[in-house]
């Protein structure tokens, strides 16, 4: 990480947990919060046939959803209790086909402005004992009053 | 569209239909092929609670998945029967919160190289009689032997 | 363009002209304002050897600079006299090698929020009587008090 | 860096030097090669008024040009003597206004395929004794026969 951050909300861990429990899409897909700290977050997902594209790889949209939500949660760890996060835009490179038993994602805040937060998010595929980087993205998020 | 395209596969419509039927993630989400022609594709999705993020809007990952798969299908309309498409990377801007009964996406190829295809994809939300542009992205796809 | 816009500054044309005259980098490169209206802008550049990369094509950085500044000017046409524009981020695809006598760029605002403006920008190369699309990008800009 | 790389060209350092000497745009701007190794490159630039935008900051186009060319050189360190590199696309976030005496950029390859190389590139501004991250981007480059 490029700098260290102080969360504006002392109860930020509960706030980030809520970003997972209250998001129907994330619940439906099965993406789980693994760990969170000030300015970073980690998530996991067990891959199932319903997550794949036509050639048997994790769908680019699934991989990006995981990277995006993990970025939102990393950003959410820094905001005040009366603020919320919306994704403004992102770019993601799918570096290798996503093949394996599960995915792991880690997002880190690289710039925390008052109105705009920028993160980097990486997604890895776990296959047997091997972990491979399959995607990397940069995300721009907006901090808004709730 | 910036130019007109000739599909390499005369049976490209069946090939594009298969991109939807054979993709578990797209089937699970409920994204449907609406129409396809040489270098373009249109899709629709009826919004449900399982598609939303924590504040009740269509999840950015869902919107991007729709834009991505529609781009893949627009690209898939141009390739030979023994080729396949993989997303190399994309960038998407979420322009407005996705609120409404359904989403509509249209993707258009803006450059069809032998190895790389580039598309633009837009996503609209339908709410009552109103249709609003909620996202716009640029996608880079790779053409590979099957 | 997806919608029509009303400039907040009645004298927006002068304000946009100043974005060119007062930018040392744009002056040094020779990028010229061709035309501007509410939410759009067009620029031109005569190509010289000092604009090229190692293989004789217009440098990607030059093409992107032109697309970026034209986007900034399209955005600048909409803001108040006491506001300024900064590029938050952008993504650009270099679709074809930039070869020819001159470049032409057109940027259009696709979303004008109070704090964030999003544009699309295209760059074309003119060679003899032919004009080819060589780059397309999406730009996110921030509206700030001066 | 995520992995270590073996250059295909034993004389890769000369090849990368040529990417700077033979690029008119890079020479004209004053961007200098600082160091290069397998899969990475570092460059520097002394800031002058001709590099700035209308508010006195390093122009986004300049910052991106530096990040792009440094990415091209990092990629160029890995290719064969009869191959060349073209930028397919990139995305860059301008994290802070570029203010200071000089810029420093470091690019690292994060995925080296046979046809496509992906890099990350960071740009820092040096002001007095302080160095600040001002931009971060992801670049997709194409490996082509010369």
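Structural remarks
Chains here go by letter, A, B, C and D, matching the order in which they are written, and residues are numbered from 1 within each.
We adopt the following convention: a contact is a pair of C-beta atoms (placed from the backbone, for glycine too) under 8 Å apart; a residue touches a chain by one contact, two chains touch by 3 or more.
A quick note: this is a predicted structure, and the numbers were derived from the prediction, not measured.
The chains touching chain B as well as chain C are A, D. At the interface between chain A and chain B, over half of the residue numbers appear on both sides, which makes the contact a same-residue one. Set against one another, A-C and A-D show the most C-beta pairs in contact at A-D. The chain with its Cα centre farthest from the Cα centre of chain C is A. For the copy pair chain C and chain D, the superposing rotation over Cα atoms measures out at 180 degrees to the nearest 5.
Averaged Cα coordinates give chain A a centre that lies 22 Å from the centre of chain B.
Inter-chain spacing, taken between the CA centroids of chain A and chain C, is 32 Å.
Chain A and chain D have Cα centroids separated by 27 Å.
Residues of chain C found to touch two or more other chains are 88-89, 91, 93, 118, 138, 140. Those residues of chain A whose C-beta lies close enough to touch chain B in the complex are 18-19, 22-28, 49-55, 57, 59-62, 64-66, 68-69, 72, 84, 86-94, 97. On chain C, the positions that touch chain B within their shared complex are 2, 91, 93, 95-96, 110-111, 118, 120, 133, 136-138, 140.
By the touch criterion given at the top, residues 88-89, 91, 115-116, 118, 138, 140, 142 of chain B touch chain D in their complex.
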